[in-house]
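Got a structure here, written out as structure tokens. Questions coming.
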Amino acid sequence: MSVSLAIVALVTAPLVAALIAVILPRWGPWLSLLVVAGNAAALVVLIPAIVSQGALTLPIGGWQAPLGITLRADGMALAFLTMAALVMAAVLVSARPEFGGGGEVTETRRQWAFWPLALLLWSALNVVFLSRDLFNLYVALELLTVSAVALVAIDGKADGLGAALRYLMFALLGSLAYLLGAALLYAQHGTLDIALLADQAIGGRAAVDMMAVGLMTAGLAAKTALFPFHAWLQPAHSGAPAPASAMLSALVPKASFAILIRIWFEALPGLATPPLLVTLGAMGAIAIVYGSVLALRQTRLKLMIAYSTVAQIGYLFLIFPLAGGDSYMQPWAAGAWTGVMFHALSHGLAKASMFLCAGLWIVAAGSDRIEAMRGLASATPMIASAFALAAVTLVGLPPSGGFTAKYLMLTSAFVSGQYVWAAVLLIGGLLSAAYLYRPLAVAFARDGDAVFKPVPRLAQAMPLMLALAAILLGLASQGPFALMQIGRPSSAEAGLQ
Amino acid sequence: MASSSIFGLCGALLIGMGLYGFITHPHLLRRLLAFNVIGSGIFLLFGATAARLPSAATDPVPQALIITGIVVALAATALGVGLVLAYARVTGRTTLPEDGAPTDPGKPPR
Amino acid sequence: MIDGTASDIAATGFDLVLAAMILGAGLFAVTVRDLFGAVVFFIVYGVFVALAWLRLGALDVALTEAALGAGLTGVLLIGAVARLGRRTGTQGTDALSRRSAFSVRSVSQIATMLVSAAVSVALGWAFLSLSDSDGLRAGVAANLDASGVSNPVTAVLINFRGWDTLLESIVLLAALIGLWSLWRDDDWGRRPGLRQHARADGVLAMFGRLLPPFGLLFGVYMVWVGSSLPGGAFQGGTVLAAVWLLMMMAGLMPPPMVTSARIRAVLIAGPLVFLSVGIIGAFAGGFLGLPPAYAKPLILMIEAALTLSIAATLALLVLGPPGGPAMPSGPGDAP
Amino acid sequence: MSATLPILILLTSLVPAFITFFLPQERHSVRNLLNLGGAVLKLGLIVFMILEVVQGTIYETRISFAPGLYLLLRVDALSLLFVSLSALLWLLTTIYAIAYLGNKPEMSRFFGFFSLCVAATTGIALSGTLISFFIFFELLTLSTWPLVVHKQNAKSIAAGRSYLAYALPASAVLLIAIIWLESSVGPVEFATPANLERLDDNSLRMIFALFIAGLGVKAALVPLHGWLPAAMAAPAPVSALLHAVAVVKAGAFGVMRIVLDVFGLERMETLGVGLPLAVLAAFTILWGSARALQQQEIKKRLAFSTVSQVSYIVLGVALASPFAVIGGLVHLVHQGLMKITLFFCAGIFDERAGITRVDALDGIGRQMPWTSVCFSIGAIGMVGLPPTAGFITKIYLGIGAMQADAPWVLAVLAVSTLLNAAYFLPLVYRIWFGDAPTPVPAGGGPTERPLGLIAPPVITAFASIAVALLAASSFSPLAWATLIATRDYLR
């Protein structure tokens, strides 16, 4: 009972808070804190419950699939939910100075719109991670897109509006492709439920199924900003205000990626063919190299971080060729599937931290050129530490969550003899070290003349908390690792081929 | 030939047409319009599959899904139109500049 | 039997003509040079598509398509064209199609055409090669009695897949919040849309006075019958939205202030009632569960609140920000 | 106790590190107390542990991250040798650093990372698996960077960049080597020989080469040594840390682990990879010496001398004969004692007399007698003259070379000794017999105070003689190295 209430709380608390924030704009920051507390409590109830009982299913309205929609809390869902809760907590606390509305008498447009949009984005994320119904996932994705696009444009400047439009165009087309695929699957199998689809489609490789999954993959890849659908990402992520960038970069791509994983590994694992897996992996590999090289060439901090996201998203797609990795032959090679999940989680935490750092540094230095950061490490040591720790995670150095991810993926690549992906992983790590080093070194250099705006300590603590969480994910990998094995599809172990 | 086959194939053609319009038009309102054409094509195709068994009534679940889909498409269109207007107000343009997207061959006239 | 075949042939013929008209209108909407013309063709297209839904035996969808797909989307686009001014709207496409010399642009256009055609062919093939699935007719029929309504589409929308509908109403709200967040800072606190200068004795004002009572009645009726016949919150809400828009445009009542707490309360009422019912259900046994005994009144309550919110949201989505160049008073005024 | 002691030893530097980060700059006494307390406590725990290990207690701690990925801290004789050296030198360096840096800015950051560095080194010493070793090795890289760039001027930032530009690719190479090996033979624990039969000889050779390349950067093997001279931009205590306590030592220690515990001396022989490694080490010895000869800055000369000296350790294990291995092991300690003495003294020269170049040393011996004596002892030790620690090393390496049928190594040793003499003895000459350029200002000559500044080099200089004089006793580093080599590795 309390367990299903916890699942309900995860998806409804941000919704209710968002609705109330529409009529009571001044309560936005406080409502957000309440939702953070509520989500934390729900996760505290849920995680032990599924650890002891296994994955839990909640049919909404009591209607079982295929007629109704079910929510399922499995290990992967809870891992992502926890990551999202951490990121949102930090983002919402960080957003208060900018959007909280100090003592002004009249409310402003930005202050009114930010809180409902952020909370709606959160609820959409939670639904995406929990829902097992392909069409429900579509609606949730649209809610996510609409609120994310609005957040990109919230400053009302030309850059932000253009970025939001470009994002919207990609996202709309992506949604349509996904919807078309889902419609074909329903027409073919008479169900939209992931588990039932898996039962229905066992064995055969029907051409219609291939087409449907191909369309959904293309649509979701566009929403995840996988190369070559990445063109919308960097203007959108760098043009938005820092708290919005943090959500967009850390969380939004993970939602469409999670659906992609559900489709390939849980709904229709029999569809994959080796050339297809290599193609998806190759697109990821190109994204890693391309994004890193472009990140190296940026002179503006937020653009660099945004291109880094293009690269880091590439790693996620290495799951397709790497998952499985003959792990049954080598029991200690735990598999790339979990490794990629670790990557998604640690990237989410680290990237959100980095965007929050960037936002604070830009305010402090009054510019977002990397050169303007000279001397900031001494002025804002907590931010510098957060940035450095986040960089450690993104590069994949021990003892961070990024290292655990890299270790698991590399081991899989070696065990299955796929050395190309191993090389990509290592080159990507070195390139990310190269581009992340630059802002750190600049911030570390001494500059006696620079005058910075002071940054409140609470604001500095938020990115540090996220970066420490990313490190802790590596130091205490055992717990998350075990959690993610709960309800893990068997194809994650056996591979897709 | 049953209605469902006719409108199903009609939907497939509309999707192609809309896609063509979406890709070739740089003007953002035209893209939104093309988006709606693709959308209704998809709905038509989906609805036709729900009606393809002549013996039975139309499957209600796809109908419900399509209604939801139409509303969601309207929401996205409304936000898109608002963005286009705001963008035009701020920049005086109705197309995206320097379109890095590989899908867009059109650029505003020189 | 001869009659049967003849009517079959006639029906197929009608379907073919309708499909051709849909395709023709769609083609014009996509390709015609003039932006305003494209929008007009799009509205016509929407009406044809609504007819197609009737032919497919999907009355609820037909109503929704006519009201939202053709109607509101059309008004939205026309309003945008008017605000942008038609000139800016056409130059891009002019440049696109006039320079007819063989160029990179036309090559890429041909390539796009081929790709689009290939997509159509592939989808058509996929449509024809679908295996015979029975869908969920049986499942819906078997549980219809427990759903509280007799219209299966409404049963799916509000009961079996109520979670979708709840989220969808929130998507609408999110779009409105997003739209409002695009206003200029100075406009915040003003009324949306343009100040209307409808002549008191004008046609519009007359319509504005005459239509609302009927529209109101019709809208409420649509929601009410939705439980047993085609109709429902979204269709009814659209009618109400149209009525309200007409009254605002006729100058009979001012648009609400965006900062007004009352209008905001109306906007969230529907989703909030729906959510509350769901959450109370969660404590009573199942999230969004409607006990068969109370299902009908609960559904009516949810639908009533949703209709109100949807009507307000849709109307405000169409109204747009304050100021700007002239906005047409409605589809009827379009040249 | 046996499971928690290794953790406790790590915590004695980790906890001070984390507390220090959050201390305000002006809390000097708290910070000093923390760091000194940690160092003393660590030394005490290690002494306790040595006594227990002699009694036969086995210390082992496992922390699991993921299947195949776990941290294993395990104490064996080799790790005790390294951990006791680094703990002792850490204590001395902390005393020195407190006196040396005094009231300079960013002290909390400095000592925080300083302690973190030592924690990483301790972890390296106690690591029982390749992956644990790698994790601490990386932690060492990362925690050293803020120390290298501590002065935050353009030169030190450049040094930091060069350090990472060498270290990060190297760590990627090391990671490949580890994962390649472990993906075939399973997690490698040093205590149990890995089942290398699963891999063919050529793969094993490749893996060996990758290991050496990955560790060679920290061990400053030519041509991977470029970062070390550049890192001289850091303050003197950091140089001591880099050259004697932690960084290059970690590299050399890693080579030992790979040769002795992962591959084993026998397999290294059957694979035929010992000779190339010995040649590489020999070349590094000569190259480092030759380059040292060209340097006019004292610290640069010392840096190239380190490049040369650390390779004695590598040379010893590469030759794989009993005496050579013992010589290599014991040089880990000897080089540490001698080199840290030299850097302590160079720091005092720089800080108190402003001397950074060789020719400025003229006649300083009379003004700064304590420093000068210590520096001279260190220099003589480096040359390998009796009665210093360097002499013992060279004798053992020489005999080992004969045992290994590699007489060419004798020639290398001879030439390198000549070169060592050529770049160190002139310094000693200048210190004692050069003419001071200006008359000493009355009462205003450079001081060698406070005690914290001069005591550490005196102790290490004394120790570097003592370990040679008492080499035959049963508790000398030599006896210990002999015990390690004969009991654990020479079969």
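Letters are used for the chains, namely A, B, C and D, taken in the order the chains are written, and counting of residues starts over at 1 for each.
FYI, a residue touches a chain if its C-beta (ideal position, glycine included) is under 8 Å from a C-beta of that chain, and two chains touch if they have at least 3 such contacts.
Everything quoted here is computed from the prediction, not taken from an experiment.
Student: Where are there more C-beta contacts: B-C or A-D?
Tutor: Most C-beta pairs in contact, of the two: B-C.
Student: Going by C-alpha centres, which chain would you call the most central?
Tutor: A
Student: As a quick test, compute the distance in whole Å between the mean CA positions of chain B and chain C.
Tutor: 13
Student: With chain centres defined as C-alpha means, what is the inter-centre distance between chain B and chain D in Å?
Tutor: 68
Student: At what distance in angstrom does the C-alpha mean of chain D lie from that of chain A?
Tutor: Each chain reduced to its C-alpha mean, chain A and chain D end up 43 Å apart.
Student: Using Cα averages as centroids, what's the distance between chain A and chain B in whole Å?
Tutor: Each chain reduced to its C-alpha mean, chain A and chain B end up 27 Å apart.
Student: Going by the touch rule set out above, which residues of chain A reach two or more other chains?
Tutor: Within chain A, the residues that touch at least two other chains are 135, 139, 142, 146, 149-150, 153, 156, 161, 180, 186-187.
Student: For chain B, jot down the residues that touch at least 2 other chains.
Tutor: Correct list: 15, 45, 49-50, 61-62, 65, 68, 72, 75-76, 79, 83-84, 86.
Student: Please set out, as single numbers or ranges, the residues of chain C touching at least two other chains.
Tutor: In chain C, residues 123, 130, 134-136, 140, 160-161, 164, 168, 171, 174-175, 178-179, 182, 184 touch at least two other chains, as defined above.
Student: Each pair of chains that touch: what are they?
Tutor: A-B, A-C, A-D, B-C
Student: Can you name the residues of chain B that touch chain A in the complex?
Tutor: Residues of chain B touching chain A: 15, 22, 28, 31, 35, 38-39, 42, 45-46, 49-50, 61-62, 65, 68-69, 72, 75-76, 79-80, 83-84, 86-87, 90-91, 96-97, 100-102.
Student: Along chain A, where are the residues that touch chain D in the complex?
Tutor: These residues of chain A touch chain D: 330-334, 338, 378, 381, 385, 392, 395, 397-399, 403-404, 406-408, 410-411, 414-415, 422, 426, 429-430, 433, 437, 441, 444-446, 474-478, 481.
Student: Where on chain D does chain A make contact in their complex?
Tutor: Going by the criterion above, the answer is residues 21, 64-69, 106, 109, 131, 134-135, 138-139, 142, 146, 149, 152-154, 157, 160-161, 164, 168-169, 171-172, 175-176, 179-180, 182-184, 186-187.
Student: Give every residue of chain A touching chain B within the complex, in rising order.
Tutor: Within the complex, chain A contacts chain B at residues 135, 138-139, 142, 145-146, 149-150, 153, 156-158, 161-162, 164-166, 168-170, 172-173, 175-176, 179-180, 183, 186-187, 228, 231-232.
Student: If we count contacts the way the header does, which residues on chain C are in touch with chain A in the complex?
Tutor: 122-123, 126, 129-131, 133-136, 139-140, 143, 159-164, 167-168, 170-171, 173-175, 177-185, 188-189, 259, 261, 264-265, 267-268, 271-272, 275, 278-279, 281-283, 285-290
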